[in-house]
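Next come two complexes, and both contain chain A; in the first it sits with chain B, in the second with chain C.
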Partner chain A sequence: MISIFKNRLFWPAAILVVLLVINMFTSRQFVTVQDGHLFGTLIDILRNSAPLILVGLGMTLVISTGGIDLSVGSVMAISAAVACLLIQDLDDQNSVGPVLLIIGIAIVVSMLMGLWNGALVAIIGIQPIIATLILMVAGRGIAQLITDGQIINVQSGPYATIASGFFAALPVALLIAVAATALILLLTRRTALGLLLESVGGSPTASRLAGIGARRLTIMVYVVAGGLAGLAGLIYSANIKSADSISAGNLIELDAILAVVIGGTALVGGRFSIIGTVLGAVLIQTLAVTVVAIGIPSEANLLFKAVVVVALCLFQSPTLREKVFGRLTPRSAAGAEVTA
Partner chain B sequence: MRRNYAAAVLGGLLLVSSLAGCGGGDSGSEDGGDDKLVLGFSQVGAESGWRTANTKSIQESAAAAGIELKFSDAQGKQENQISAIRSFITQKVDVIAFSPVVVSGWDAVLKEAKDAGIPVILTDRAVDSQDTSLYASFIGSDFVEEGKKAGEWLAKEYEGKSEPVNIVELQGTTGSAPALDRQKGFADVIAGNPNLKIVKSQTGDFKRADGKTVMETFLQSTPDIDVLYAHNDDMGLGAIEAIEAAGKKPGTDIKIITVDAVKDGMTALADGKINFIVECSPLLGPQLMELAKKVDAGETVEKRVLTKETTFTQEQAKTELPNRQY
Partner chain C sequence: MTTVDMTPVTEKGAPTNPRRRVYRPNAKYIPIIATLSLLMIMYSSGVANYENFGDPSVFVNLFRDNAVLLVVAVGMTFVILTGGIDLSVGAVISLTTVLTATLLKGGWPPLVVLPTVLALGALIGAGQGAVIHFFKVEPFIATLAGLFLARGTALTINQESIPIRDEMWKAISEYRIVLAEGVVTKPIAVVALLAVLIAAVTLAWTRFGRNVYAIGGNADSALLMGLPVGRTKIAVYTLSGFCAALGGVLFSINSTSGWALQGNGLELDAIAACVIGGVLLTGGSGYVWGTLLGVLVTGLIQTIINFQGDLNSAWTRIIVGVLLFAFIVLQRLVTRKAR
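Right after this comes the complex of A and B.
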């Protein structure tokens, strides 16, 4: 019993289940089939979690190397701006080929943004928080320049599909997020890549002396984080069929960092958990939906979220758990828990 | 709309003639020619099409009025706006104008401007400072009136009907003047009809994406929504996406009222997806420049200047749409 509580993912999972149960009671259709695909609150939650999951995955990799990427929100805005600007100029916005090409271009642009971050961090040696702050601030300006300060509307069916479409009864946005998660899990857990990342995060110097290309790995994680943020930006903008440079990805870096922390990844680098981050992202999105569903007044939204997050962090704290459970269990068991 | 332009042109002409008169009397007494009026303006951000039209109007009319404009974008954050105003004070601009992001927390920085002898004009949104001597004038729409107009249309629409009407409301940014006032004006009017009931009200932060996600949850958690009242067009447009995804017809199954009347909103109104839009005109640039010149010259100005506005039904939108610039 105690060992379940010790698992870092137990508490986020428990709170997620509680929130989902609340939503089951407040929503008319939790999961149902409508128009030949799944529909309902659960599907809305999963679909809307996709951008945060993608950004969170990139953030997890960056944090595992001991870095941080504050620019993800701005990269989302740039990616959305590039895509919508190009799609707007298409003769036929509904032709699949050109739209796919444009999606590819937007992701490549986002990866170049990541390359810039990576180069500042790994080659020039600027602290990650400062290096990515540059693009965080400048990037939103770039996105506004691209859209000329306007909201660009697109009427492209294929583009809208990546956010609101369904494939095999499942939302496309969710499938994209699941595919990205699976790919990253495969690369980090079935190859030595994950181990190398953890070693770079643990001690860059020791890794370098052991013959690990720490610099190349660091650049790579920022490029991947940029690409994933770009993809998230495309889903965000496809969801509203427009590029909104000011609000796209605004403050998502904080939600992404929160998702990573909830998921049990250490902010100082080293050990990381991909599944934990996905769980954290879905939890944050569920929280946002719950606030509306149970009718919390707008003024109290942030307070409610803060209370849940603080409670979660307290549950996760080994020190607090020892104080609470230590009293209830024999001294030896409590001791074992701490050393484990 | 056309009337507004006419008024603007007329205002501009008056301004030019009065300036000419002024220049004639003063010629030679001022040093050089570079004592152009400098106006520091801090904009909320570019969160919507409305806002960008507002920005454009201010920039264009400043150039037309021969006023040097120092423009700063607060990106929706009060702290950015406060630091922008402080930097205007340091740069010793002649007049400061700004659209407050939120209503409260301005006393300290406004006091600094007052101490520096720089008059402040509020545009579009008000502040809740008790001391009204902290600013020279407030030019902008009456948001309470906008909320009332929305409520009046709805009350008329359901006049004499006995079945209850479930209304959901998408509020603007929590704590902002347009959100508070549009909510109040609307609520005051519909209070007169016990059948009209706001069943859910939540912030969508004036953004399309938030409008969509909040509406998705409204649709799931509230049975039989009859009416959506959104504090701006963009949230309404996001909500339309959610309503369509839920297999309902916006404008028919759920009646939609919004505020602003930007081009995208008017298009949806003409297409029958929105039922009624209360206009909130962003084109206050010419009036602002006139006001800035007056306060700089030390003339007394009215504490409250209203922008001229109207409302649109679906039919009116079809005729007005081709003329919409923003």
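Right after this comes the complex of A and C.
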């Protein structure tokens, strides 16, 4: 089992290393120290992958229970819209206390969005992909209503800090992502929570019969995914110092799902890898940077992403097939297709 | 609508008590009847509230304005009926428009360009279907890769909007079909309606159509019954790719241009139209007629918002979201009752 696990992360890791090595040669500054901060391409990659890492973490938890969350991009837009609207009305946009409070409010709003998703999935029993499609479609409309279709600009120092600030020589955005990763790793791998999530993903009925609060756990992962998406939305909007309800988090749900899949988490649920998702998110961001760095026009980025997805899927496919045909009955193979 | 009822869904609504003569629609028709009622309520409230809404051209224009979505949603219906999903359709549209415009600009004869781009769309779909079937990659991921591939290729070919100056394209674009006094429509609307008709007939009265329902109902049973599961699966994705390419051609005719950002997010509109039209996303249940109604409902929302004038266009998305919610809950209740 350990060798299979290694195998699953081997290809993504290898591609990431190759991409980073390419960057090391193409970029003028890979890692340098400037004014006591770390700068360079590597730091940029890590800083810019923070939103995707956060969204990917939430997505991993949701997928581990056999669900999926398409609404993360819309939640990002709503969270950014709420935060920027409130900050805009502040008397002093640079006071730290109110800004922190507003960040808290935005995250709570995002968690409520997650609660809506979770309730649809766990209580009404709607297929996750459809349940979250509702908020994906309506959410961006809600964000547009909040901002009245305008792009809200804010000039808040404390708010900008969460995207572009530095703490202890490292970017704050990266630290937030690392902290979130560490917290989730701790909660899922040092407590029984991870095992419970996997059991819910493996079979909700069996886990309910075994006395696991499957319904409560399912709602919880959507709430967490919503909160993390909201945080990602704040970092995204703090980076551009504005709320753009059209482009904020546009298509990020696809990137996040991609990161999760690259990380070796099966979309059918029942098994997940937090580190794998982080690896996948950084890989996607590195790919975007590398494509530009080696002089290929940025519009070809999508093409490269497609090649990477296809390659990874095919590399991972033999183990998948072995798993499907070797250990389990063909029934679950067909089930895997249907749930997707 | 009732002409198409030859689906291999078990007839559970058979009358058990002959004395009760109250008309009860079969459970499988409830979503479609709900959509039809909604459409009629929306239309009549539009007629009641706005001047000129009752003009036949308003209704006829729905088909013209939503021709592309209609064609794409028809292809999507087949995919969803097998229990799959196709995220690549919007990107295939953009690739088709860009390729059409580029080839026509390069002096290719239009009668060569047309089959070429349609075949390419079908080929992309077939490729996705093959990856899904042979490598057991989830449809979501495989078509996501298709989305990246098609839009990436389109962007690589040209990022700018390319005008089409070809005579044939222009002639079709400017051609008007007069239905009645003051009611005109475009050829693209006719093509879209033809697509619906052909799809409905295929789904109801051909072996392929029945296979699609059987696979969506239960892929394992279908396999055990000896149905060609793999071939059918690849065929539905091919069909969806073809429909997307056809949608792209209609788009390029309508706008006489090709642009790589065309059709962004159209896949979601198509999925939403299918769901509102009562196509079950788990597969095995639904009709092309439902999808047609779903497209008309979303189109009518847009029309009403245009007539209202002072409403933010963001409301379109919110109302579509609310309708999605209502119909999904309705489907849920119906399927629960049927069980």
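Going forward, the second predicted complex is superposed on the first by the 310 of 340 C-alpha atoms of A that agree within 3 Å, B and C clash if a C-alpha of one lies under 4 Å from a C-alpha of the other, contacts with A are read in each partner's own complex, and residues count from 1 in each chain.
Throughout what follows, a contact is a pair of C-beta atoms (placed from the backbone, for glycine too) under 8 Å apart; a residue touches a chain by one contact, two chains touch by 3 or more.
Computed from a predicted model, the values in this text were never measured in an experiment.
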Which superposed partner A:I240 touches (first chain B, second chain C, both, neither): first
Which superposed partner A:Q127 touches (first chain B, second chain C, both, neither): second
Chain B versus chain C as contact partner of A:L314, first or second or both or neither: second
Which of chain B and chain C A:L267 touches, first, second, both or neither: second
Partner chain in contact with A:Q144 - chain B first, chain C second, else both or neither: both
Touched partner set for A:M136, first chain B, second chain C, both or neither: second
Dominant toucher of chain A (residue count), chain B or chain C: C
Touching partner for A:Q155 - first (chain B), second (chain C), both, neither: neither
First (chain B), second (chain C), both or neither touched by A:L303: second
Which superposed partner A:T41 touches (first chain B, second chain C, both, neither): first
Doubly contacted residues of chain A, that is, touched by chain B and again by chain C: 140, 144, 149, 297, 299, 301
Touch list for chain A against partner chain B, complex: 26-29, 34-35, 39-41, 44, 48, 140, 144, 149-151, 153, 164, 236, 239-242, 244-248, 250, 288-289, 291-295, 297-299, 301
Complex contacts: residues of chain B adjacent to chain A: 45-49, 52, 55, 75-76, 171, 174-175, 200-203, 205, 207-210, 212-214, 216-218, 220-221, 223, 234, 237-238, 241, 245-247, 264
Of all residues in chain C, those that touch chain A in their complex: 83-85, 87, 131-132, 135-142, 144-149, 151-153, 155-156, 159, 219-220, 223, 260, 268, 271-272, 275, 281-283, 312-318, 320-322, 324-325, 328-329, 332
Chain C contact footprint on chain A (complex, rising order): 68, 120, 124-127, 129-131, 133-142, 144-145, 148-149, 254, 257-258, 261, 267, 297, 299-307, 309-310, 313-314, 317, 320-321, 324, 330-331, 333-334, 336-338, 340
